[in-house]
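Paired with chain B in one complex and with chain C in the other, chain A is shared by the two complexes that follow.
This part shows the complex of A and B:
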């Protein structure tokens, strides 16, 4: 039983990291209807920028602020060069544009800042803690707390500020939002900047775990099942979806894996997502799609 | 005008000549002549091995994906997974069925890939768009895992790789670059010919109707689910044959990692750049994708020799690729094939534009 609990809690905590990545997707999808494949590349870019700045001897806070500025500038550039010319095109076209964008960002990140693995030390020790008999990693706890903090900040931003209200208006009905004078391009820039900052947070946590390197950009692929399970348009869904995927992956690897050869984590989440698709095509918290002919 | 001017002809015999007489497709025939006769005579091994063979196989793979994505409108990012099925199935057939001729093994590998594609296409009756993309992504990762984890597929080789046990046809050895080139060329020409006719047939028209609007297609009586699954199967057949050729005629020795997600993206880029819903576009897209890296390498070595190392060149390549994809989507969503067609129209009217 202790072992089961340990596996479950470890999975849930790892799931919060998936949630963080998925949140970036949900934000952009809500505001602009784009499935942003470049989120992983943005994550890599943010983490690499931060590490490079720190290697130059900048203190933690300054490096963080500078990285945020870089991500915001990047968001404005992306809005100008990619989103604006492609406005009103099909979702799949936009998706493929972000696929191209991810190539550009990955190339830039590695070209400017090198391809070798960088160590990142956030000053959080990865020591096991004990709750009764159950062993929990301290680092995972900090990561989960960060995720909770980020979600709270986002919820406040969405519900309590003017930007948040106009953002929700755009997500709800783009035309209506435009007609009452909301600046769509500005909203997109803000959303992409916030997604970039989310990428930075997620990138720092993942990077501290496995080193800042190219494989960081592959966590996007992990976020896709999370989105399917939680729904593309729900922040709460991203969190619950992340937790479900994290827990299910860990449990499946331990309890099902040995029977079929092990190493099933790369695809298990997808199979889970397909099962969910059959039961609830819109995800747990997503809005059911209504099609007009 | 003749006596038919007020009524439509009732038979082809009575129809105006333009409808029944088909001009000889001279450009195509010239191209085939060059490919089958001139290139084997003139081409050297480097050109065959490093450029023409991969170009042809990638075109075939693009064609397979285009049938599914460009013609039926079902986005797939799992193309390489089905290529792997074709490669490993062909390998098994050649190894375990004694005396099976190579063409039959290729077709058999394709059919097995088609079966797997059919299975992964089943969810398409309920889900579409991004959601369906997840299914294809699942196929990609699941198939990669299967071909790594179960040694039966690679005959318990310690390296986990497969290589063609025999590459011969009617007693001729096809191991030389020229032999492999002719094998690939023949397969590609045959399969392209079938595809051209397929997309012009009832099935192809049904696929395009589904792509343009599935609800409307269902309303006019097309069975949408069946045609989507069929598209998955046919597309996987093409990808399977392409995968087998990629493994045995180009690489020689392959493993599951030869068919990873980046290969899938590469094939998706071929059809975006070449042109979705176009047969010739696959060839143009594949030529572009396989020649651009060589070109960039040449430029890199010529202009910036010593200043830029190989890693940086690769990053530069990535940036240029990404920008080109965005540029194509913004400027010409129908791809290079449409750009060429426009250019042709302009040249026809040149220099007197009206």
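This part shows the complex of A and C:
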């Protein structure tokens, strides 16, 4: 029983790392209706910028603030050069644009800041804690607490500010928002900046765990099953989806793995996602498309 | 002061607009006096909605000018129109269906926000003060349009007539001096039309808002407005009080149908 709990809790906590990545997608998808393939590249870019600034001898807080500024400026640049000229184009056009964007950002990041693996130390001691008999990773706890904090801040932003009212209006009906004169360009800039900052948070945690390197941009692929399970349009869905994927991966590895030769963590989440596509194509919290006939 | 004596708040001067060579509006001129309710009538395709779109800056006319509050402009940006006090509603209810009535009203103030994004996110005093003020305005609108019972209900769940009223409220919350209503009673039953007419009259009388509206129901128009402009194929074929317009032979043949 203790072992089962340990596996489950470890999985759930690790799942919040996926949730953090998925949140960035959900924000942009809600506001601009596009699956932003460049989210992973943004995550890599943020982590690389932070590490490079720290290597220059900047203290943690200053490096963090500067990286936030860089991500916000990047968001404004992306809005001006990619989104604004392509407004009202089809979803696939926008998706292709973000695909191209992801390569540009990755290339720029590595060209400017180097392609070697960088160590990133957030000062979190990765010594396991014990809750009774159950062993819990301290790093995973910090990641989970960060995810909780991020969701709280986002909820406050969306529900307590008047910018939040406009953000929700754009997410609800972009055309209606345009017709009552909500400044769509500014909303996009804000949303992409927030997604960039989310990328920074996720990038720091993933970077501390795996080292800051090119493969960091591939965590987008890990966010996909989370989004399919939780739904592309729900912040709560990104959290729950991440928890489900994390827990399922861990449990499957331990309890199913031995029968089929182990090593199933890399693909089990996708199997789960396909099952969800059969039974609930819009995800747990997504909005099913209703067509009138 | 009766509207008949008041100075014009809006003058349309020799406006023309065409889409790919098709004339939607042809050399149109008329004035709207401060404090009146002016109805635009005419068959489908007469150019009524195009005219509203020019007035609040969605379209730019090919020639001619609009004078609003003594300021001349050819094309005006919609944001600028809103800031100067021109509010409008849409034919196809541009509401946010998943948001509550209260939040929908607040979206009408998104262009009037003075405090910046960070001031709001950090809850600075100035932003908080503004938030309180906006909230108060929203409460007043809820009361005025008798929408209080539904303040926290998602707009998509309301009846059609109530949705139209929310849209009216969203335009009203910005305290416009000129309110443009594009078919505010389309698709309503008699009772809902009566209710909506009452609200429009209240807005006009109690808030002093000048109203320009498009409406097809001739009975409603005659009961509601004190000035009627009749359009046909982008030209003005009638302009006057409801009684004058009703007896104008050209209007009768263009809009009310030929008398046999």
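A few points about this structure:
Operating definition for what follows: the second predicted complex is superposed on the first by the 290 of 293 C-alpha atoms of A that agree within 3 Å, B and C clash if a C-alpha of one lies under 4 Å from a C-alpha of the other, contacts with A are read in each partner's own complex, and residues count from 1 in each chain.
Here is the rule we go by: a contact is a pair of C-beta atoms (placed from the backbone, for glycine too) under 8 Å apart; a residue touches a chain by one contact, two chains touch by 3 or more.
This structure is a prediction, so every number in the text was calculated from the model and none was measured.
Once the complexes are laid over each other on chain A, chain B and chain C both fit without any clash.
Applying the stated contact rule after C-alpha superposition, one finds that A:82 touches chain B and leaves chain C untouched. With both complexes superposed, B is the one of chain B and chain C in contact with more chain A residues. By the touch criterion defined above, A:111 reaches chain B but does not reach chain C. When the two structures are aligned on the shared chain, A:166 is found in touch with chain C, with no touch to chain B. With both structures placed on the common chain, the touch criterion links A:99 to chain B but leaves chain C unconnected. Once the two complexes are overlaid on the shared chain, A:224 sits against chain B while remaining clear of chain C. Contact with neither chain B nor chain C is seen for A:127 once the two complexes are overlaid on the shared chain.
Once chain A of one complex is fitted onto chain A of the other, the partner contacts of A:278 are limited to chain B, with no touch recorded for chain C. In the overlay built on the shared chain, the residue A:232 is in contact with chain B alone; chain C does not reach it. Minimum Cα separation between chain B and chain C in the superposed model: 21 Å.
Residues common to the contacts of chain A with chain B and with chain C across the two structures: none. Against chain B, in their complex, chain A makes its touches with residues 35, 81-82, 85-86, 89, 91-93, 95-97, 99-108, 110-111, 115, 221, 224-225, 228, 232, 261-264, 266-267, 270-271, 273-274, 277-278, 281, 291, 293. By the touch criterion given at the top, residues 78-79, 82, 90, 94-99, 103, 106-111, 113, 117, 120-121, 123, 127, 130-131, 134, 170 of chain C touch chain A in their complex.
Interface of chain A with chain C (complex): residues 157, 160-163, 165-166, 168-169, 172-173, 175-177, 179-183, 190. Note for the complex: chain B touches chain A at residues 75, 123, 126-127, 129-131, 133-135, 137-138, 141-142, 144-145, 149-150, 213, 215-216, 261, 265, 268, 272, 311-312, 315-319, 321-326, 329-330, 333.
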